[in-house]
Every structure is written in structure tokens, then in C-alpha cells.
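Note that the chains take the letters A, B, C and D in the order they are written out, and that residue 1 is the start of every chain.
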Amino acid sequence: MKLNKEDIQEYNEGLLEFHQEKLAFTKKEVTNAEAIIQKLVDFQIAIPSWALGTGGTRFGRFSGGGEPATLEQKIEDVGLLHALNQASGAISLHIPWDIPKDAAAIKALADEHGLVFDAVNSNTFQDQADQELSYKFGSLQHTDPAVRQQAVDHNIEVIKHGIELGSKSLTVWLSDGSCFPGQINFKKAFENTLESLQKIYAELPEDWKMFVEYKAFEPNFYSMTVGDWGQSLLFANKLGPKAKTLVDLGHHLPNANIEQIVSLLMMEGKLAGFHFNDSKYADDDLTAGAIKPYQLFLIFNELVAGMDAAGMNHAKDLGWMIDASHNVKDPLEDLLQSVEAIMLAYAQALSVDKEALENAREDNDVVVAQNILQNAFRTDMRALVAEARLRAGGALNPIGFYRKMDVRDKLIRERGSKTVATGL
Amino acid sequence: MKLNKEDIQEYNEGLLEFHQEKLAFTKKEVTNAEAIIQKLVDFQIAIPSWALGTGGTRFGRFSGGGEPATLEQKIEDVGLLHALNQASGAISLHIPWDIPKDAAAIKALADEHGLVFDAVNSNTFQDQADQELSYKFGSLQHTDPAVRQQAVDHNIEVIKHGIELGSKSLTVWLSDGSCFPGQINFKKAFENTLESLQKIYAELPEDWKMFVEYKAFEPNFYSMTVGDWGQSLLFANKLGPKAKTLVDLGHHLPNANIEQIVSLLMMEGKLAGFHFNDSKYADDDLTAGAIKPYQLFLIFNELVAGMDAAGMNHAKDLGWMIDASHNVKDPLEDLLQSVEAIMLAYAQALSVDKEALENAREDNDVVVAQNILQNAFRTDMRALVAEARLRAGGALNPIGFYRKMDVRDKLIRERGSKTVATGL
Amino acid sequence: MKLNKEDIQEYNEGLLEFHQEKLAFTKKEVTNAEAIIQKLVDFQIAIPSWALGTGGTRFGRFSGGGEPATLEQKIEDVGLLHALNQASGAISLHIPWDIPKDAAAIKALADEHGLVFDAVNSNTFQDQADQELSYKFGSLQHTDPAVRQQAVDHNIEVIKHGIELGSKSLTVWLSDGSCFPGQINFKKAFENTLESLQKIYAELPEDWKMFVEYKAFEPNFYSMTVGDWGQSLLFANKLGPKAKTLVDLGHHLPNANIEQIVSLLMMEGKLAGFHFNDSKYADDDLTAGAIKPYQLFLIFNELVAGMDAAGMNHAKDLGWMIDASHNVKDPLEDLLQSVEAIMLAYAQALSVDKEALENAREDNDVVVAQNILQNAFRTDMRALVAEARLRAGGALNPIGFYRKMDVRDKLIRERGSKTVATGL
Amino acid sequence: MKLNKEDIQEYNEGLLEFHQEKLAFTKKEVTNAEAIIQKLVDFQIAIPSWALGTGGTRFGRFSGGGEPATLEQKIEDVGLLHALNQASGAISLHIPWDIPKDAAAIKALADEHGLVFDAVNSNTFQDQADQELSYKFGSLQHTDPAVRQQAVDHNIEVIKHGIELGSKSLTVWLSDGSCFPGQINFKKAFENTLESLQKIYAELPEDWKMFVEYKAFEPNFYSMTVGDWGQSLLFANKLGPKAKTLVDLGHHLPNANIEQIVSLLMMEGKLAGFHFNDSKYADDDLTAGAIKPYQLFLIFNELVAGMDAAGMNHAKDLGWMIDASHNVKDPLEDLLQSVEAIMLAYAQALSVDKEALENAREDNDVVVAQNILQNAFRTDMRALVAEARLRAGGALNPIGFYRKMDVRDKLIRERGSKTVATGL
């Protein structure tokens, strides 16, 4: 299904008066409100194809209805999101869950929804039905060169699919590691992985990047071969300028200072981008901003500072993607909540008076430095985010409109209540 | 020194116009704004006497200047805070750091500053110079009955000081525990502690409460004899109705869901109150709301719901105290930041539409339930908190006024730059 | 398949000489070696029916071959384990994965393998194909009384199956909780759960126990309604004397002092028993003793002390079960490793000189107290554990014999390489 | 005081018979026992001068008696340790706590006790009484170049002291960081620190190393400027070949896989060495091996493998030091316990059959790989460690002899019961 521009407009009209009053007040408080709105309009967050279905845990999955069963339906779903918020204009495909049989047709369909193709993702953390060798003991790290080669070939295949669709980056997340002390030789595992990544890197087109994602634990529970930003950076440096480190918020040990990691990776010119989500305990993959919204803001504060210092284009020079699991919510509503939280954090970060902040830092005036960040965070930016949506043709209240239009019911009627999307 | 009402008023006038505009807009968004303001006016957060000096760690302390050297000066400092924010109308004394030699005079002095005496705190985690037996291996848990009796006697002494000053509760925080496997018999340590607490409990006046504080670790690094809410509740239940569990936000294992603990303790009628602070790693004792402001809001959301369900008086029926350490900030400014963050969280919690929230919960509408809380949190309540201060005679911007009046410089001139307050 | 006693005996003979030399030396070091051996012979650890297949994570499962496809085959597998180590003489069934169609025949089969039926386990954390109402938003806590009743009925059904088989306890592990702030009312969730548990409790036979298991997180990622030992104990106390708290080693927040929890639960007469496994990060469900063997010993040290103090029968008065997941190992080999680690920890705990330990504690001689525990832990108890197996008719080296007999290959030939056992 | 060789010998004689029996049995189990003994004889662990007094926390310190008040007495204490265990033949000084006034005399005194001088340690985490500028807001990272220069000059001064004493390395542990979001600019803090370190590095003698220590948190509670191994490695790589990363076991986030970090640092040729201690919660600075002895073994397993692969001399090519705090034990006894635990872990690691382990890894035989490590760990190596001490002239049971000789009482009589050693 597709949402109708006119319906959105009509819906917005009912909310417009209060919105404009709120916007007017916000503009009084936020001196660079117009600049922020423009940046918000430009900012797009990719939706991964595997996040459109209900997620689950090893204990089970409680499917919802109307999940997309095909790549076409996944694109349709992202199209719905983008129509609602005008901020989800990209889709990130996962191979082999989403192999496009007719790339041209898929590209045309995406284009119809205003979507481009973000990073393509390989999968060597599962065995596929037709797969010759198993990844039970790892893929790019495997002691058996034949397994490594199979995993390398798969990644090269993924790059090819990406080229056809117009992607410009390959995300490599490896579950490689070990579950027990003694199981692997850490050094050999690193070296095997590096050699495998080098083979993949060699096949990257000139204008592509390789995103090396790290994760502290799960599904391996003793060691991960790309386990933290230090390891990822080691790989990225040894690989070359196209390789960068991808940060997923849930992939850290408890209490890690992620914003500092971001800052250092930007200093090194090695930050690839982000997988947004939130977590309380482990890689919980909850809605972005649902647990620690201030942390999300602090991360954006570093991102904006780092991008501005390097003269980067906020919207284009880093990869932005949601990577969450939707176990107890309608996935589309959940994604809308994530995007909203990300946009708010970005807007707050854009409102920080950087000069005043640097002055406070130079003076070691900790009270004022804290106040500057807290004031930005405490300022209500919802009107600016809504205005950006409004200007771009989206809904003032995306979830409100989504519910008003009974979108999920319509999807269930179209697709059935028992479909299960590929993914986690 | 004392702050002048007229100076405050004059200062406020310069900020009034924007404040009133912001207040007016907030009232449009927050339907129960007036009720919230009234509750904020009534809400008082006690300041512990040991938090008025610069704090430190085992690695050192970098003192600031003008720290209060006497109990009288500590009362003066809390008086300054209260004059500024009209929300710090109570002081919590620590014995033996703050033994009042002339209780009547001290009470009169406090009264002059509009202050009352909150919970009194005993200290059996340090040895005092004149102390007969050492607490090196614990106090109320000690294997030696003579040490236990000494610690019991000290607590009874603290109660007596409290009675003289008008306090109504004794806070017992024990560092008792062990540093190494094998060091103590957990069961005997519990039983000794219980017996000791029972002796203290027996001396509590009719209208007093005993606050049993728990802590996961530090200064003992293997076990703590009152280590979590479950242990504290066991003690409180065995002691009787006057004994309740005190929650300090920094006293938990990583990732603990403190708001759920709060809810269950209220269900059991056993929540004593709070020690506010914030932390990223351990018992960091940072400014309230400085790291996880959303968690602070979620806790208040439970507190308000629980107090309302039980028909409790928000301002009086639980104990509210800041317990932070000020290692890199002026302690008075830091305390002002803590109070502001607490007030904001309280105001946000008061704005939650409880009926709508319960309806969403009944329907398992997770998206709406999350939205209700996030909307309350995202709404800018600063104008309501400022208005409450204004109405009560405080400063619209307490730190701004504090700096304008050069309070710290004046304190340094009065007290010297090398004074060191008792405390941590 | 079944293992042949004569083959085991013949195998043992080749290892006997060195075993006896080692045993003789150990007896010189461990004064109560004979008593320990006898206790080891008596000690049996139940095997859960769901642990006989390859486990997995939400990211995938890499099945091994020869997994048991039926309850009969699961009993056969536990029979193999028991024949090898003579310490796995009980099986714990999970309903609905293991519904016995003909209870008498199943009992007879178990008896043939020398097995009895341990606690029965209910499952309300997944939806079954034929289930009327969903547990997506919880079971015993659910806002809808019909869902609660369905879950209650299921538990009562499980009790009935248990009665038929000779079980004496019901383990209730609830995944109930919430994934997002706001999602549930903690108090109502607790009260609903309590009411539901009370209905189940009412159906327990006179000589049964109810084991209330707690877990800190997963599969819910914001709150768990039975989240820690304090909550479980609250439920158990409100339910009555048959209800006790079950401890699973992996179900805690980081760094929890589990041995202290055990000690306190025993003090309260409320420890139900154990689910053994090990973990580094979360509920990793690794082989017992694989990561923190000293912690396992410290837990047994408390268990032995507590059981002896209460005059309990080590082998019978608490529930002992392994609850691990075998993602990268042959499940049977992994279980043998777990049992070995548990037996070693138990033997070490039995060797502790309790009088000397209590004396050191009374004297606050921390150095000696630590030494007593470390000496017990550093003493090699493998010969005593092996001797216990030998006397009971098991294999001196169970994994050695298992591999020598090509058990897994035979199971694959019998059952096929693509069978997948029910479980996680 | 000094211990008498003859007294030690006499004491050993009483223990010799059982020792030799145990040694004989151990040699039957451990094929390379003789080689292990020789390596143990050669292995020396440096004692930091600040670990000879009772440690404390921010909540207090409970001093013991007879603490060394001068550098001479500290050397005497390490001499006592070395006489007892013949494994503590080096002392690591801390400036300014231990400034040698007459370096030649101090060297001669150390030589008399058979001691050499290990790494020298600078201190910019505290302000000294006579210090011009404060380190309240950092030292090498400070926004003020004058503070940075002061800290650089201090480090250069420390190098000079080290040269006089024969040290060959400088350990730089920085507490630099921030307590609150916003307080510092991460990038500038890194760059300032790097520039400062470069100035210090430039002053290193040709044959010296700089050990860059990292720490996750404390005394700063929001960020640390050298916070993890990744950051330390960044600094070390930018500095040059003399700079390496120092690992302190307590300086990590919860659950970090330290043995993997060790392996990767060795792979990069950038491991400096170790600060040994143990911890349950944070930087608890407990006795090495007191909480997680298996982890200690796993670390040594990587160390031995890595050193052997690189053809390194175990005893000389990495820095080995204890860095613990002794809050509830006699510091000398505590250090003896730490050295014993370290030696046992080292001996166990030396006994691992590396070829068998690598074969199991190549085959992904996780069960066997785990067994190889667990068997090494479960084997009782105490006789080998004791034999190494015996051969080198130490006591078979150092703590037993220490107590028999009433060393602490004698120290108290010599030095008094109220001395307090400099340190933490």
C-alpha cells in the first residue's frame, strides 16, 4: 500500500495551529532554529530490511501480522515510513535474506518510494540451507581456509548485489569468536580474519567503503574476534583508507563511554557510521532513545562537533542506520519512534552553542559546560523536528496518522496475519 | 553570609519577561501546570552536611576554597542554597562530624535560615581518633560483641542528638561486609547485624523511622552485609514497622532497574526515601540527573504513582536527600544543579496522564505507553520549576544569581581558601 | 543405544594404575577423603530434557547430529550420561516439549536406565501452535485474566504430568516483564503474578515444592517480574512453605555475589536448589565451571555449610540441575564436563576445615581464612571424583570412554544427522 | 630487620618430607616439571613501594602497625618478602613519595637485599604541598599549557631518579579525564596528552621503555583520557617503539576479556607488562588470584604462548608488578599471597601442552581444548612453586615462617604502631 499525500496534508491541517504556536515559541528559544530545520530535512536514516518484521529472542518470537514476505514488500514498508516521516529515505539490504532477483526492477520500485540503497550487509553468522561448509566455528576467522574462502566469496557476492543497486558500502558484522577458554587462538583468529577481510577489501569499487562492525559478545560468549572499537580500528588501519569502524550502540560492555569512542574515531578519520538502538543490559536492540536518551544526545553532540571540525556533510559522509528488534511493538511504529528520538537528539546537538562550550572547557568551568549541554537537552525540539517533516511533505504526527489510516490492518488484509519476515 | 531578598527580587526582574512568556506557553502544553507548581513549591530536598565541601577519591582531593569548617557554617551554606532555590529547606547531619554542642543555638540558627533537621546519620565506617575499638572488620556485624555494642551505643547517641534537633529518622548506612572470600560467615554477619539493629531500633522514639540503606560494594569489595534491596527489606521486615529501606541511586550493580525496586518497596510499604545522585560506573556520586536523567524521571514516575496510590503526602512521607560528592565543582553550584534536575524530573512525573497510561498498559499498547512517558520527559518543565522558585521567593536562575553575587569569593574571604569541610 | 558395563570396566582397567596412585596421594592430603567419596557417590545432578540437543542464539543454531527426537530418546541420552558418570540419575522434563503419552511406559524406561524424574518445568514463555491466547505480553502477570488463567491451567497440567512420573517439584520460570519503560505497571504485574502463583500453589500435592526462579533480564529487556532473589523471596514468602527460590547462576546482574545470596536464602529456609551453568557476560548458559570455577566452589562452600548447619541431606534436600546450552559442543560431552566441574567444586567444599575457617573468621584473620578456601580449591580432587564414579560403576574418564565407543557416531547412525531436539 | 637464612632452612626442614613426596607425585603428572621449576626460579615480580602500607578507600583507612615510614624501610620490607619467597627481587618506586636523597646509598641498600629497581612511577593525580599549579582538571591533558609543562617536567624528573637507580622504564598512569558530560573536549584532551607524552618520550634514555597504563574509570567518573587498551595503543603507536601498553587487571569495564587483549597487544609487539591484582566489582585492588584465579591462569596462558612465539625471555622482556591495596590484611602477608597465586598461574600455563592445544583448535574440538586448559588449571602446582622457592633459598611456606618469626610484631616494635606509609 501507499499513503496519499493529500491525506497526510489533511491530517496535518488539524494539528497545524498548535504546531505553529509551538514552533514560534521554540524559535524564540533556539537562535539557529531555521538552520536546524534545514539540517533535519536533509538528514536521512536508513532502515534495515530485517527490521520490518517482529523480532525475537532465543526463547521465542511472537509474530505480528502483515509482515513483509518479499523484498518488494520490505521496500513498500520503508516507503510507508518515508512517506510518514520523510526521514527514512534509504534501505539497507541483507544478503542472502534479500537477494534482488531483478535489480533494475527493485531499483525502480525503490525510486518510486523515494528510496536509495544504503550499505549492503553480508551474513556469515548463520548457515543457509544450501551452504556447503558451516560457520559453526566462525567464518572469516575459521581455521579451515575453505570456510574462509566461502565466506569471502559470499561477501564479494554481496558487493556485486550492492553495485547493481547503487549501494556504496559493505557492512561486515562478524559473529566470529569463541564460546570457551581455549577454543581459539586469538592471534590466528585475528590474522585469518584480517587476511579474509583483505581479500574482500580488494574487491571493493573505488568509491565504496567497508564498515567493520564490532561487538562485545553474543552470539559468542567468551571472545569476539572483532570485539571492541580498538580491534575494529586495528583491522581498519591494516586494511586501508576505505575501511572504517561502525558503531552499534548495543555492542559494548556495560557502562562504556560511547561518545568518547565516537570522538576518537572521528579524530582518526575512521568512523564509518552508526547502528542506532538502545539497551539496558546487553545488545537488547530496543528503540533508539527508549532507555538512555541523554546518551544519544551526547553522541550526537560529538558527531556534530566532529563532522563540523572535519568539514563533513552531516547527511552524507557517515552511515546512519537503525538496527533494532521489535519484539513487542508493531515494527513500523517502533521505527517511527526510533527516528523521532534520533532526530530530537540531532536537533538538540545542533542547538549547542559550541563557542560557549569550548570557552567553558578552556576555563574548566564544569558547571557551565554541563549546563550548556543540559539546556540543549532540556529544550523541547519536537516542533523543529515536526516542522522539518511538514516541509518535506511528511506527517506532523507520523504514528497518529499511521493509526488513523489503519495501516497495519490494511497490511494484514493484504499480506495475511501469519507472514513472517526474514530477519532476527 | 546571607543573601538579600531584595537583591534576588531585583535579579529576577531582569529575567521575568522571558520567564513569563515561557511559563505561559508551558501552561498551554501542560494541563495541570498550576497543580505542579504548587507541589514543586512544597517539595524540599535535604542537603547532607557532608556535601558542602569538596569531595574526593582514594587518589586524592582537590579542595576548593571557602568550605564550611563548622556546623554553623554548614547551616549557613544550606541557608544560602535555600535562599536561592527555596527547595533545600532541610539539613541532614552526620555524627560525629557535626556534633551540635549547643543544640538549642543550632536549632535557632537553622530556624533563622528557614531550615529543619532531616534524618541524622551515624558513622561506623571510619575510626575516630578517640575510639576504643576499631571498625576495621565491621561494626554492627562484628564478631566481637564489644565492637557491636560500641557501634550500637554510637547509633543511640546519634538518635539523642537527633531528638534534640527535631529530626525524625535515623539513617544507618553500614559499610560492613568483607573484602575476600572466606573472610566472614554471611549468616552470622547478618544475624549479628540484625541483633545490633534491634538494639538501636528499641531506642527509637515513637514517631521516628529507621532508614536501612543498602549498597552493592565499596568500601568492601567482596560482600556487603546490607548489599541490596532484598537484604535491606529482610532487615526492615524483621525489625518492625519503623524500619524502612533507603535507596541511594549509586548503590546498585550495573544496569539495575531501580524504578522497579522503588515500586515494589512502595507496594510493601517499606520505602524510606532517597539519596539522590548519579553515576556511570559505580557509586560515582555525581550530580543528580547528570548522566541518566531519563532514569531519574522514571523513578519519579513510580514514586508519584506509588505515593498517590497510598494517599501519601509527596513532601513529607518519604525522605528526600542529595548524597553526592563534588570533586570538580563548587559544591553549592553542584547542589543547585542537583536540585534543579530532581525538580524537573518530579515535575515531568507529575505531568504524566496516569489514566491514559494505565489504559495503554491494560491494552498492551507499548507504543502509546512509551510515548506517554517520553512526551512527559520531552516537555520542557523549566518554566514551572522556575515559577515555583519565584513564588517561594527564590531566584529564577539560582546559579546565575550566585555567580552575580560572587558568593564563593565572599565565602573564601570570610573563611579562607584552605578550609576543608569534614566529609568524604 | 546403551553402554555395556563390561566395556566400561575394561576401559577403566587401562587407567587404574595411575588412578590408584593418584588416589593414594590425594588421601594423604585430604583427611576426609573417604567421606567425600561417599558423598560424591550419593550426589546426583538432574539433566534437563531440553539440554540434550544443540542450543543456539537468536542469530542461529548450528545443529549437530543424532539429537534425540522423542522423549524416549532423551531418556536414552540421560541414561548414557548416567552410565558414564553415575551422577546424572535424574531427568527434568519440560512441558509441552516432553509430554509423556504413556506415563507408565516412560517411567519404566527411565527406571531401566536407573533414572528418576526431577522437577517438571512449565513453559509460558513461548506460544505453542495450538494455543488460544498469546503470551507476547506475559503469562501469569498478564493484564487479561483469561491469559493468566490459561497459564495457570498449563502449570496445573504440568503438575499432573509430574505426579504421574513421580516428580516432587514444579519449577516456574517466568519470562514475564517488559521491554520498555511505561509498558507495565510493576505493582499490578507483581500482584497478578502472585495471584496466579497462588492458584497453582493450591494444586500442589502435599509433598511437592514450587521452585520460583528469578532472572535479571532476557527475554524481556527492561524489567522482569521475578527479576532477582529479593523478588523471588517475596513471592515465596507470600505463597507459603512449599514455595522456594531457585538460583540459576546466569540470571544475575554483572558481578553479583551469588554465594552470599545462597547463604541468606538458606538462612531463611527458602533455597530451592540450583540451575548450574557458567557465564561471562549475561545468561550465556556455558558449561558449569568453564569461566569462573572458583565462584562455583565458593557457592558449594556456602551450600555445604548451610546444609550441614540445617541438618539437611546433601543429595536430597535441594534440587540440583544443569541448565546450559550447547552451541559449539556435543551436548553429551558438554554435560559430562559440567557434571565433572560441579563434582570437583562439591568435593573441594567438602574438604574445607570448617572449624579452622570459623576460628579464622572469629579472629578476623583474613589471610588464614582466604588460605583455607584457596587451599581447598587448589587441591586436586579429580582422583576422588573419579573414584566415586569407579565405585558406582561409571567410567574413570567418561569423555574418553564416550569417544572410544564412538557414541555420537552411533547415535547419528541410529537417529540421523538432521534431527533437532526440542529446546532452546 | 632481616631474616636469617639458617632460620629459613631450619624451618623448611620440618616441612621437607611431605614436600618431597608431593613434589615426586607432581613430577609424575607434569612432564616438564623440572623446566617449570627453573622458570619459576627465574621469575621475579616487582613490589611497588606504595603497597607496603595499609591501603584504604575514600571512606577511610584502618592502618596497621609497623608500616615503613621511609624509603629505606620500604626496601627493607621488600627485602623481607624476597628473603621469604625469592620471587620479589625488584622494587618499583613512586615519585614523589619515594624520592631517593642519596641514590648511591639506596642502590647499595637494595643490593644488600638482592633487589633491583623496576619501573619508576610518576604521580600527576594528586597535588603535592609545594606544587605551583593544580592537577584538579588533569595534568598532561590540561587546557593550560603551563600545567601540562609542569606535569611533563615532573615526569622527566622521575626519569632522572630512575636513571640513578638503574630503572629501565617509566610507568605513566594518568587519572586525566572528566567527571561530567561536556567537561572536556575529548579530541583536544587526547591531543594535549599526546603532545605531553611526546615531550617525555623525547627524554627517555635509549634503553628505556615508557609504559602507558589505561584505566576505565576512577578517579574520573565520566571519561578517562587513557581509558582502554585501544586508546593506550593509539598513544603508544604515535609515540614510537619505546612506548607500550601496560595492563592492570582492575582497570577494565565489567566482563572484559583481558586475556584476548593481552594476546592482541603481544601480536602488535606492544604489551609492556602487568599490574597484578584482582577485583570483583571495579578497581578493587584485591590480592592477585583471590577472586578469579582461572582468569589469571588464562592470562598467563596467553602470555606464555605469546612470549614463546616471539622468542622472548619470560623473566625479563615484560614488566611484572603487583599493584594491590591491602585494606584488611597485613600488607606483607597479602603480597606473599599475591606472589603465590601468580606463580601458580604461571606454572599451570607452563604445563599446558601447546601442541595438543593447537591441534584441538585446528580441529575445532572445543571439548578437548577446554579440557587441556582445565586439566592444567586443576593440577596442583604448589609443590613446584615451593620447590622453586626452596632451591632459591626461600621458605617452603613463606607466611608460615613469617608468622613463626613474628615479623610484624618485630616491625611494630622497631617502627611503632602508628606509622603510616605513603601510598593509597
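Note that contacts are C-beta pairs under 8 Å (C-beta built on N, C-alpha and C of every residue); 3 or more make two chains touch, one makes a residue touch a chain.
Predicted, not measured: the structure shown is a model, and the values here were computed from it.
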Of the other chains, whose C-alpha centre is the longest way from the centre of chain A?
D
B-D or B-C, whichever has more C-beta pairs in contact:
B-C
Intercentroid distance (Cα basis), chain D paired with chain B, Å
39
In whole angstrom, how far does the Cα centroid of chain B sit from the Cα centroid of chain C?
43
Per-residue multi-chain contacts in chain D, two or more chains:
136-137, 178-181, 183, 216-217, 222, 254-255, 257, 280-281, 287, 290-291, 294, 328-329, 364, 366, 370
In their complex, what parts of chain A are in touch with chain C?
55-60, 62, 125-127, 134-137, 175, 178-181, 183, 216-219, 221-222, 254, 279-282, 284, 286-287, 290-291, 327-329, 424
Can you list the chain B residues touching chain A in their complex?
21-22, 25, 28-29, 254-255, 257, 280-281, 287, 289-294, 328-330, 333-334, 337, 341, 344, 364, 366-367, 370-371, 374, 377-380, 382, 399
Help me check something: in the complex, which residues belonging to chain C touch chain B?
136-137, 143, 178-188, 190-191, 216-217, 222-223, 227-231, 233-234, 252-257, 259-260, 263-264, 266-268, 294, 298, 302, 305-306, 309, 357-358, 360-364, 366, 369-370, 372-373
